[in-house]
Amino acid sequence: MKGRRLSEPFWKTSISKVEPNKIIVRGYNLMDLVGKYSYAGLTYLLWRGELPSDQQSRMMDALLSVCIEHSLNSPSVDAVRFVASCGVPLQSAVSAGVAAFGDWHGGTIEEAAKLLQEGVKTAEVDKQSLQTAAERMLGEYSKRKEKLPRYGHPTHTVDPRTKKLLEIAEQTRLQGRHVEFAKILESLTRKFFERHLILNVDGCIAAIISDMGFDWRIGKGFFIVSRAPGLVAHAYEQMYSEKPYKAARWDEVVYTGRPERKVSDD
Amino acid sequence: MKGRRLSEPFWKTSISKVEPNKIIVRGYNLMDLVGKYSYAGLTYLLWRGELPSDQQSRMMDALLSVCIEHSLNSPSVDAVRFVASCGVPLQSAVSAGVAAFGDWHGGTIEEAAKLLQEGVKTAEVDKQSLQTAAERMLGEYSKRKEKLPRYGHPTHTVDPRTKKLLEIAEQTRLQGRHVEFAKILESLTRKFFERHLILNVDGCIAAIISDMGFDWRIGKGFFIVSRAPGLVAHAYEQMYSEKPYKAARWDEVVYTGRPERKVSDD
Amino acid sequence: MKGRRLSEPFWKTSISKVEPNKIIVRGYNLMDLVGKYSYAGLTYLLWRGELPSDQQSRMMDALLSVCIEHSLNSPSVDAVRFVASCGVPLQSAVSAGVAAFGDWHGGTIEEAAKLLQEGVKTAEVDKQSLQTAAERMLGEYSKRKEKLPRYGHPTHTVDPRTKKLLEIAEQTRLQGRHVEFAKILESLTRKFFERHLILNVDGCIAAIISDMGFDWRIGKGFFIVSRAPGLVAHAYEQMYSEKPYKAARWDEVVYTGRPERKVSDD
Amino acid sequence: MKGRRLSEPFWKTSISKVEPNKIIVRGYNLMDLVGKYSYAGLTYLLWRGELPSDQQSRMMDALLSVCIEHSLNSPSVDAVRFVASCGVPLQSAVSAGVAAFGDWHGGTIEEAAKLLQEGVKTAEVDKQSLQTAAERMLGEYSKRKEKLPRYGHPTHTVDPRTKKLLEIAEQTRLQGRHVEFAKILESLTRKFFERHLILNVDGCIAAIISDMGFDWRIGKGFFIVSRAPGLVAHAYEQMYSEKPYKAARWDEVVYTGRPERKVSDD
C-alpha cells in the first residue's frame, strides 16, 4: 500500500492531550492539580472545562457521595451480582451495572433537570414569578394526568439524601432559582396531585446541578460516577464471598405461556 | 493541520470487505450466498473461512439451536431482565446478558474443547488408545481432587440436548475421535469420581466442534450466538409486559455486615 | 431468619420453562424441534410464540443473513476490536459491540417499521389508497424539512441486500402492503426530496417484518442476532491475530481545547 | 399459586442496608458521613469496611485522580466514542468503555499488586532482605524471558503520575515495604533486562494500595472509578459536539482475506 495524504485527523477532542511525560486536562497539567483538587473537583473540571471554586468542589463531593450506595434494591446491583457470579473479570460485572442506568434508574436526573431548566427559563421569558410558573406547569401535568418526574419515592417518605444536599447547597451558597423552583413544586404537589410528594434525591441533584450551570444532558454522569464504587464493591463481594453461578430459584419462576403441545407431523 | 503521509492502514481484516453495492465475506459475494446457505452455514463461513458442506450446515444449525433458550434459571437472563426494567433500549439489556457469558456460563465449552483437543492429541503423540489416555487423564484429575469440566449438570440427569446433538452428529457423520473420547470419559466417571457424571451440553458441543476442526478458543462464540434470540425475547417481554424498575424484594436481602455504629467526633 | 410466606413468584415468563431433562419453548419440547426447524425458524418461535411455516422459516433465514457482516465500517465492529485488544474474554468484546446497536446503527429498523405500520394503518382507517397516503406522508416530511428514515445509504447506490430480500419475499409470498407502501415511498422520493433515495436494507427489513406481523419494537432484535456471528469473528481475529492494546494513533488525535495554562496560587 | 415457606433469603451482603429514610453503609448512616468524608474516603469505606484516616482519605483521592483522563490513546475511550456515535444513551457508551478495562488496560494493577504482595511475603517467610528477594524474583523472570509487569511505558519515559503518587505517599506516611520493594525492582531492571524500565502508574498504584492493605483482587476497581468521569466526558462530547455514526474510514481498512471467488454450482 502506498503512502496517502490525509487532510484531517480522525479524532478531535477539547478534553485532554497526552504527550510524553505530560497529561493536559482542559489546558492544565493534571499533575499540578492532583493533591490540590479532589477527585470530585477534577470531575467538575473534566465536565465543565474550568476549575471549581472551593465551594463548588465541596458541592461536587457531596453530589457524588449521597448516591454512592443503595444495596441490592437497585436493578443495577442485581445485574452486577448475577454477572459477577459467572466467572467473568470484575469490570464485566460493573459494565453490566452501568448499562442499567436508564431513564428510570438515575436517568431521571436528566429529565428533572430539563424540566427545572425549562421552567425557570419560561418564568424569565414570560416575566412571571416562579410560583406562577410552577402553578401553571403543575396544572398542565395534572390536566394530562401525568406524573411529575422526581417527586415521590417508593421507599423513603423523607429522602435523607435530599435533606443533606440542600444543607450543603445552602452552606456553599450554590443554591439558586432552580432549587427554589424545585421546592415550590414540592409545596404544590398536595394541591395538584392530592397528596404530598417529596422532592427525591434525583430531583434534588437535578436542581443543584442546574444552579451550578450544568447542561441537563450530563445529569446521568453524576449517577454513573456516584454508583461506580458501590458496583465494584458488590462485584467483588459476589466474586470472592459467594458461590459461583447464581441464578433465579426454580420456585421463583412461573411459566405463564402456552401449555405443552405437540409438533404436528405434516 | 497539513496533509500527512501514512505508511500503513490502521485496520486489517481477513473477514470481509465492503465496496459500493457489494459485500465480500471470506472472498464470496454475500448476496450469492443468502438464500442458498442458512444463517448457521454463513456463521461457519465467517468463523472458518470456508463454505460448509450440507452436513456441516445441518450440524451448525443444530449446534446453534439446542441452547437457544433456558429460561430465567440462567444468570444472563436474570441480568437482561433487571437491566431491561430500567428504561433502556433493547440492545443495552442484551449487552448485559452477553457480558454474563463467562467461564461458568457457556465458557465451559472452551475449557472442555481445550481438554478434549489436548487429550486426543496426547493420545496420538504417545501412540496410546483413547481409552488409555482417558484413564490417565481422569487419574490425574482424581488425584488432584479436581472436577472434570462439563460432566454433570445441576438440573438435568440426562441432558436432552446432548442426546439430540449426538444423534445429528451421527446422521451427518461429523463425529470423530473427540466425541469418542468424550464418551469414554463419561463412561469412566463412576470409576474415578464415585458417581456417574453425564456429558452435558457444553461438553457435547465442545466434542463436536473439535471434530469439526474448530479452534477451542472460539467455543464461546457458539453460546453467544445461540442465546442471542432468547436474550432478545426476554428483554422484549420485560420491557413491554412487565412493570418498570424491577429490583430485589426487601425480604430477599439480608444485611450481614457490621451492626449500626456512630461516627466518632475526633 | 424465620420462614416466610410469599404470595407470588418473583418472575413470570411466557417464553419457556425448564424442568429436569426437558426444555419447553412456547409450549413445545425444544428437542422435538431441533433438526426439524432451523435456528432462524426457532427465533421466529421465540419472538412470535408460534412455529413458522416453511416460507416464514426461509424468510427468517434471509432476514438474519443479509446483515451478518459489514466489516470495520461499522461503529459496533470498531468498538469490538478496541475492547478485544485489552486482554478481555471474547464475550466482553461482543457485549460492547451489541451496546452500539443504537438508533442510528440497526435501530432504524424499528423507526422505519413504526412509520410503515402507521402509514398502512392510516390508509386503512382513512380509506385511502397507499399512493395517496404515501404522498400525504412525504408532503409532511418535506414541509417539516425532515429526512425520511431508511431511504438513502452512505455507501451503496443500490443496496444489494434490499434486492435480495425483496426477491425472497416475492418467492415466499410474504410481501404485502407494507412492502408495497415502502416501494411507493421510494418511487416518490425524487418528487419530494429532489433526488432518488433508495430503500435501504433497514427499511426493507422493516417492511418485510411488518408484513410478517412483527411488532416494530422488536426490530432491533433482527439486527442484534444478525450481527452476532460477525462480532464474534472480529473479536476472535483481534484477540488472536493482532497485537494487544490497540489505541488511536497519536497523529490521528487533535486537541482542540484550551491552550496550556497555569494553576493560579490563590 | 399457593404461599410458600422459604428458609433463607436469596441475597446477603455485608456492604449496606436500606430502610425507609435511612441508608446504612458498613454500619454507618451514610448521611452522617457525607460532607465529612470525601467521595474518595467513602470509596475506602465501601471497599475496606472501615472509615479512613485523614491521611488515607488524602491518598485515596490522589489514587483516584492521577488516572482520571488519558485521552483517545486509550482503547476504552475509543470504544466509548464509537458507541456514543450510534444514537444510544450516555450510560451505554460508558458501559462499553468499562468493558475494555481488561488485563492490559488497567488490569495490570492487579497483576502488579499480586506480584508485590507475593514478593514481600516471600521475603518475610524466607527471612530475606527485600533486595535479595527482588534479585531472586528478577532472576527468575529473566531466565524465563518474561517481561516484568508494570515496568516500562509506551509513551512516558518518566511517568509523571508515579512521581506525584510517591510524593503524596511520602507526605501521608502510607508508603511501606511494598513501595520499597517496587523501587528496588525498578533499580534492578537495567541489570536484569539490559535497560532501565520505569515504575509506571499501574505498578505504583499497586505498590501503594498494597501498603494500605488492599487485596490485590480489587485493584481494577481503582482504575474503573478513576476513569469513569473521563469516559462520561468523552461520551458527552461525542454525542453533542460530533456528527452521528462514526466508523473507520474506508482507506484505513485493508482486506487481507481470500481473493474474490465464485460459489460453485454443485
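Order of writing sets the chain letters: A, B, C and D. Residues in each chain are counted from 1.
One rule holds in what follows: a residue touches a chain if its C-beta (ideal position, glycine included) is under 8 Å from a C-beta of that chain, and two chains touch if they have at least 3 such contacts.
Keep in mind that what you see is a predicted model, and the values were worked out from it rather than measured.
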Contact-graph distance - origin subunit A, target subunit D: 1
Most remote chain, CA-based centroid, reference being subunit D: C
Intercentroid distance (Cα basis), subunit C paired with subunit B, Å: 23
For subunit B paired with subunit D, centre-to-centre distance based on mean C-alpha positions, whole Å: 28
Where subunit A and subunit B are represented by their mean Cα positions, the distance between them in whole Å: 35
Per-residue overlap in subunit D, given as positions that touch at least 2 other chains: 1, 4, 6, 9-11, 13-17, 33, 71-73, 88-89, 91-92, 95-96, 99-103, 107, 248, 251-255
Category of the chain touch graph - line, ring, star, complete, other: complete
Touching residues (chain side subunit D, partner subunit A) in the complex: 1, 4, 6, 10-11, 13-18, 20-23, 25, 30-31, 33-35, 37-40, 42-43, 46-47, 58, 61-62, 64-66, 68-73, 81, 89-92, 94-96, 98-103, 106-107, 155-161, 163-164, 167-168, 215, 217-218, 220-221, 224-226, 228-230, 232-234, 236-237, 239-241, 249, 251-252, 254
In the complex, subunit A residues that touch subunit C: 9-17, 24, 26-29, 32-33, 36, 49, 51, 88-89, 91-92, 95-96, 99, 248, 251-263
Sites on subunit D touched by subunit C in the complex: 1, 3-9, 71-76, 78-79, 82-83, 85-88, 92-93, 95-96, 99-105, 107, 244-248, 250, 253, 255
